[in-house]
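Next up, some structures in structure tokens.
The two complexes that follow have chain A in common; it is paired with chain B in the first and with chain C in the second.
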Partner chain A sequence: MHSAVKKTLRYLSSFALIVTLNFALPRFMPGDPVKNLIGEDVYVSEAVMEEIRTELGLNRPLIEQFSAYLQGLLRFDLGYSYHLHSPVSEVLQARIGWTLLLVGVSVVLGAILGILLGAYAGWKPETKLNRGIYCGFIAISCTPPYFLALLFLGIFAFKLGLFPFKGFYDTPTIGSVAYHLFLPVSVLALFSASRNFLVMRGSVIQEKEQLYALYARAKGLYDTSILFRHVVKNASLPIITLLALDFGFLFSGALFIEIVFSLNGMGTLIYDAIIGKDYPLLQGAFLVIALSVLLANIFADLLYAAVDPRVRRPA
Partner chain B sequence: MKPLLEIEKLRVSFEGERPVNVLSGVSFSIQKGETLALVGESGCGKSVIAHAVMRLLPSEARVKGSVRFKGTELLELDEKRMSALRGNELAIIFQNPSHALNPVYSIGRQLAEPLRVHQKQGKPDPSQKVLKALKQVGFSRPEHYMKYYPSWCSGGMNQRFLIATSTILGPELLIADEPSKGLDPDRIKEVERELRAHPGAGKTALLLISHDLGFVRRLADKIAVMYSGEIVELAEAADFFEQPLHPYSLGLLGSLPENGFVPIPGSAPALSDPPSGCRFHPRCPYGEKRCLQEHPRLKDTKGRFVRCFLCP
Partner chain C sequence: MQKETCVHEKEPCVYEDVELQREARVRKKACIKKEAYLEKEPGIPDVGYVQKKAPGQKEVDILKKAPGQKEVDILKKAPGQNEAYIKQRTWQEKIPVFRQPIIYLQKYGKFLGTFNRAGLFLLLFFLCMALLPSFFAPYSPAERFTPYEAPSVSHFLGTNDIGNDILSELFYGARISMMVGFASACISTLIGLTIGLLSGYFRGWVDELLMGFTDVVLILPKIPLIIILGAFLHPSVWILILVLGLLSWESLARIVRAKTLQIRESGYVKSARGMGFSPFHIMSTDIIPNIVHVVLPKFMLATASAMISEASLSFLGLGDTSMKSWGMMLSFAFSRGGFIREMWWWYMPPGLCITLCVMAIALVGFGFEPKAGDTEKQVVDI
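Let's look at the complex of A and B:
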């Protein structure tokens, strides 16, 4: 119970830190905070600037500004994009689904693939096949996802013509979504799998030497049934931690992959916002991404507690 | 009568930077239902014998000689057929119970596993057997402990789970590796009872491994004393305790609390570099000149076997 309290406190303080940073950055960045809050390259008259200044309360004390900012957050008010002429929350809402779909499917596929292949590779690391797979995954894990994406685009879309170059912008059907997401998901899933694979392989190599694995053999279990009935669950525990740590990493990988495949998710949105210096949008995106990484970590903690009885106590 | 387990000239060495010959020709046999105690100081190779019989030694181990179980040569059996014997006719209780249990699975699941693995067709509900086995090792609320995990339990409880698991199918040969190590006297009494009163008891032969002669005295039919990778004395328990013949056996008995706690001087030699001649000579109070040069053989003297020049 004690450690649960500590963990909750830690998550709450990370949350507070993220929110505070998001509030403070535009206000303390060099230059006019109004410019920082509405973005550069936006041409508005002096009168409108003043209007925004009052509306955002930039001439009031910081404490009041902060409380107004927090109240805004509670109403999902993330500011206004003067480039897109639309509230940031609406813009993000429209795009984040695709990114979450890409990341979510890839993380699940990558976990399954990495755990399964990693388990086999760690169980019999000396076979030719497993050594080959090991080398392959090392190569993939060293390759930046966007480069892998370019490679896949070049081979499967350009050379072989199996998949489209660009994302879809018409009404989505399951078929067209699958068709357009196949390559990006493959790239991200492979990348995620490569990291899980390496951890899982090492973990299995370590766990199979434990006494419980030998006792499983002494009870009459044979070969891979020892792996699947005893070793895999123990060996996957580090994967849960890795998944949480990797979530932000994969998310940023997804952004680049979206740009390469011209998918209309957060990646292209953020890319355009950077090019256009649309600060409100960038800030909102930063907040949402940071919070989703935080959520992923909380989820991993809960999952860990569910899987590992050592962090629980008898009822 | 043909023995249940017959070990002949068993040699085990471990490869590595400095190869070690751990066992240099160990032979003994166990009859059906008999209890043979293997005693000796820690590091003399007792666990290696146990693991060699179960064929659980790591891959760097080189095993020679013969281990026959009910007439079948175990050292030549393929892994598939060996695993059909393990946990079923041939079971072992490991030295370190808390690590032998899997930390992420419940006790109930782990206890039922031998049933699940070995009784494929027409199995009745295994939980009844599991509950019974837990009762037998002294848990009054077995259904409660079935849902427990090893990390929630004490070492003593885990050892009882392990005994229950290894005996649940009533094996013909049970190997218990140091079951009394690190336990208080009350708990040792209980272990004795559990080793006698499990489902197969009576017909189960027991290979009891211990460094503690006092513990095996109450259980063993036969005693085999090991020193530095070889057997130095093998005798009926009654004869042995009445009159041990090998100087090392004398020393072991003398170091028991009831005999005044007199330790054997010196310490056991490293197996990588055993002394010449009789391996016990650096510590032997009766050593003579030839003990330094010649290696004594295990000789048959009046139905018991002793490896010492002093014995006729």
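Let's look at the complex of A and C:
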């Protein structure tokens, strides 16, 4: 019970930190807060600027501003993008579904690929094939995500012409979407797999020395059944934590991949917001990403407790 | 030349203590085993070890010349090794400048596999590139020629959109990419080391507070936060270094804390505390030297990931346009038509350089990591 309280406290303070950061950033960064809050390249007259200043409450004390900001958050009010002339929450709502689809499919594929290959590579780390796979995954994990995406785009879409190089679909059918998403998903899944693979491999190498593995062998089980019935179950526990922490990493990786493949998700939105200095949009996007990473972590903790009985019943 | 001799064999020590006697027997076995092991090693000729334990003393390495030997060099115990051994000097080691690195390589040589050595050479190559770009580069990076030129004899990798020689840009970019990586890794290592040491050594509420803070920071998504900070703070290399350094210390802090918790219970720390040394003194002289082997690989990995982050941020246009790193080159190649025109000689080299350099650093980092079996012995070291 004690650890559950600690965990809850930890998540609450993470949440508080994220919200506070989001509130404080435009107000304490160098430059005029009004400019920071509406974006730099928007042209407004002095009178309008004063109007916005009073409207946003920037001349009130910080405490009042903070409580107003929190009340706004409770109504899903993330501010107003003066570039796109619409509320930030609406803009994000339209785009986030696609990014979540891209990330979600890649996380699942990457986890399966990483766990399977990692288990095999850890079971017999000395064979040539497994050493080759190990080197390959190290190389992938050392590449910047967008460079691999560029390579895939260059080779498979431009040179070979196998895949389209732009957009989510031609006609909104499942087949078309899958065809368009094949390359981006495979790049992102490879990244996710490379991280899972390295952890899984090390974990299997450790676990196979344990006594229960020896006992399973003494019972006369085959290699594959020792590996998949006994060792993988224990070795894949660290993967759950890693998946949650990696969710943030993959989310940012997805941003770059979307830019390279010109997919209209959060990534291109953020890219345009950086170029146009659209601060409210950037902040809103950061808040949404940070909160989804937080949720993923909470989910992973619950999953961990459900999968591993030792966590549920502490000795 | 005197053959290997183990002192235990010649003059069996008689200990009053049964426990010590058993230990001596175990040591003797280990000694014989080590001999067989060392015989197989081609790099170390003429090994003989002398090791004696006086009752009451914890552990002594007695360094004795074998009768036939003229000059001996004493190698210290490598972590995890049971016996110290005496070795005749080879000619390279007689030159003082070479001695330290060679001894170091011999000590850690067995950890470094083929890949790690390849990584080391690659890293040295990139370091040379970063330190002496003007020596390698054919032109100054600001010099202008005909834009969009294909590779030729005068320009090995062609020219970019404003006519700079790409090969020269590549050499000069090494310094900036690697500087960002190493500098931010230094910052993050310093922070992680401090927080890990403090919370591991003092435990109690300090530990709860610092580790709670670490967990909170760990959840923050790094790249989005750096994107938003970079957008507000107008790009500059120094801000990038600072932000990257301030946001990537958590995993190091956790590992250092775990190690410190182990080491603070060991005999030498307890006796140092008993003698009344200050916590700061104990941490700096007793604990830090014993956690270097976990900090070093983490430092290298932090460098590697900082370089990737730098490249990614440059790609978004959040880098410093006045200092062209590899990431910036790649970003320009993408946004200024190098990719559409299929000028592979423009976008491939910087990307490959980033990948290879990051890989070299990571491989060297893996090489520093002790093998699973050795960690246990290090922990038991009392």
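In this text, the second predicted complex is superposed on the first by the 309 of 315 C-alpha atoms of A that agree within 3 Å, B and C clash if a C-alpha of one lies under 4 Å from a C-alpha of the other, contacts with A are read in each partner's own complex, and residues count from 1 in each chain.
What we mean here is this: a contact is a pair of C-beta atoms (placed from the backbone, for glycine too) under 8 Å apart; a residue touches a chain by one contact, two chains touch by 3 or more.
Just so it is clear, the model here is predicted, and its values are computed rather than measured.
K.L.:
Would you sort A:Leu294 into first (chain B), second (chain C), both or neither based on which partner it touches?
P.N.:
After superposition on chain A, A:Leu294 lies in contact with chain C alone.
K.L.:
With the two complexes superposed on chain A, say which partner A:Lys124 touches: chain B (first), chain C (second), both, or neither.
P.N.:
A:Lys124 sits against neither chain B nor chain C.
K.L.:
Just checking: does A:Tyr222 make contact with chain B only, chain C only, both, or neither of them? Give me first, second, both or neither.
P.N.:
In the superposed model, A:Tyr222 contacts chain B only, not chain C.
K.L.:
Who contacts more of chain A, chain B or chain C?
P.N.:
Per-residue touch count on chain A favours C.
K.L.:
When the two structures are overlaid on chain A, which partner does A:Pro309 contact: first (chain B), second (chain C), both, or neither?
P.N.:
first
K.L.:
For A:Arg53, select first, second, both or neither according to whether it touches chain B, chain C, the two together, or no partner.
P.N.:
A:Arg53 sits against neither chain B nor chain C.
K.L.:
Between chain B (first) and chain C (second), which does A:Lys35 come into contact with in this model arrangement: first, second, both, or neither?
P.N.:
It touches nothing on chain B or chain C.
K.L.:
First (chain B), second (chain C), both or neither: which does A:Leu211 touch?
P.N.:
first
K.L.:
Once chain A of both complexes is superposed, is A:Arg27 in touch with chain B (first), chain C (second), both, or neither?
P.N.:
neither
K.L.:
Residues of chain A that sit at the chain B interface in one complex and at the chain C interface in the other, please.
P.N.:
In chain A, no position sits in both the chain B and chain C interfaces.
K.L.:
What residues on chain B touch chain A, complex-wise?
P.N.:
Against chain A, chain B makes touches at 54, 56, 79-80, 83-88, 91-92, 94, 96, 99-106, 113-114, 117-118, 148-149, 151-152, 162, 165-166.
K.L.:
Can you list the residues on chain A that touch chain B in the complex?
P.N.:
210-212, 214-223, 225, 229-230, 233-234, 237, 307-310, 313-314
K.L.:
Give the list of chain A residues in touch with chain C in this complex.
P.N.:
Counting only chain A, the residues touching chain C are 6, 9-11, 13-14, 17-18, 21, 25-26, 29-31, 36, 135, 138-139, 141-147, 150-151, 154, 158, 205-206, 245, 248-249, 251-252, 255-256, 259-260, 270-271, 273-275, 277, 279, 282-283, 285-286, 289-290, 293-294, 297.
K.L.:
Mind pulling up the chain C residues that touch chain A in the complex?
P.N.:
Chain C residues touching chain A: 115, 212, 215-216, 218-225, 227-229, 231-233, 304, 308, 311-312, 315-318, 327, 330, 334, 339, 342, 344, 347, 351, 354-355, 358-359, 362-363, 372.
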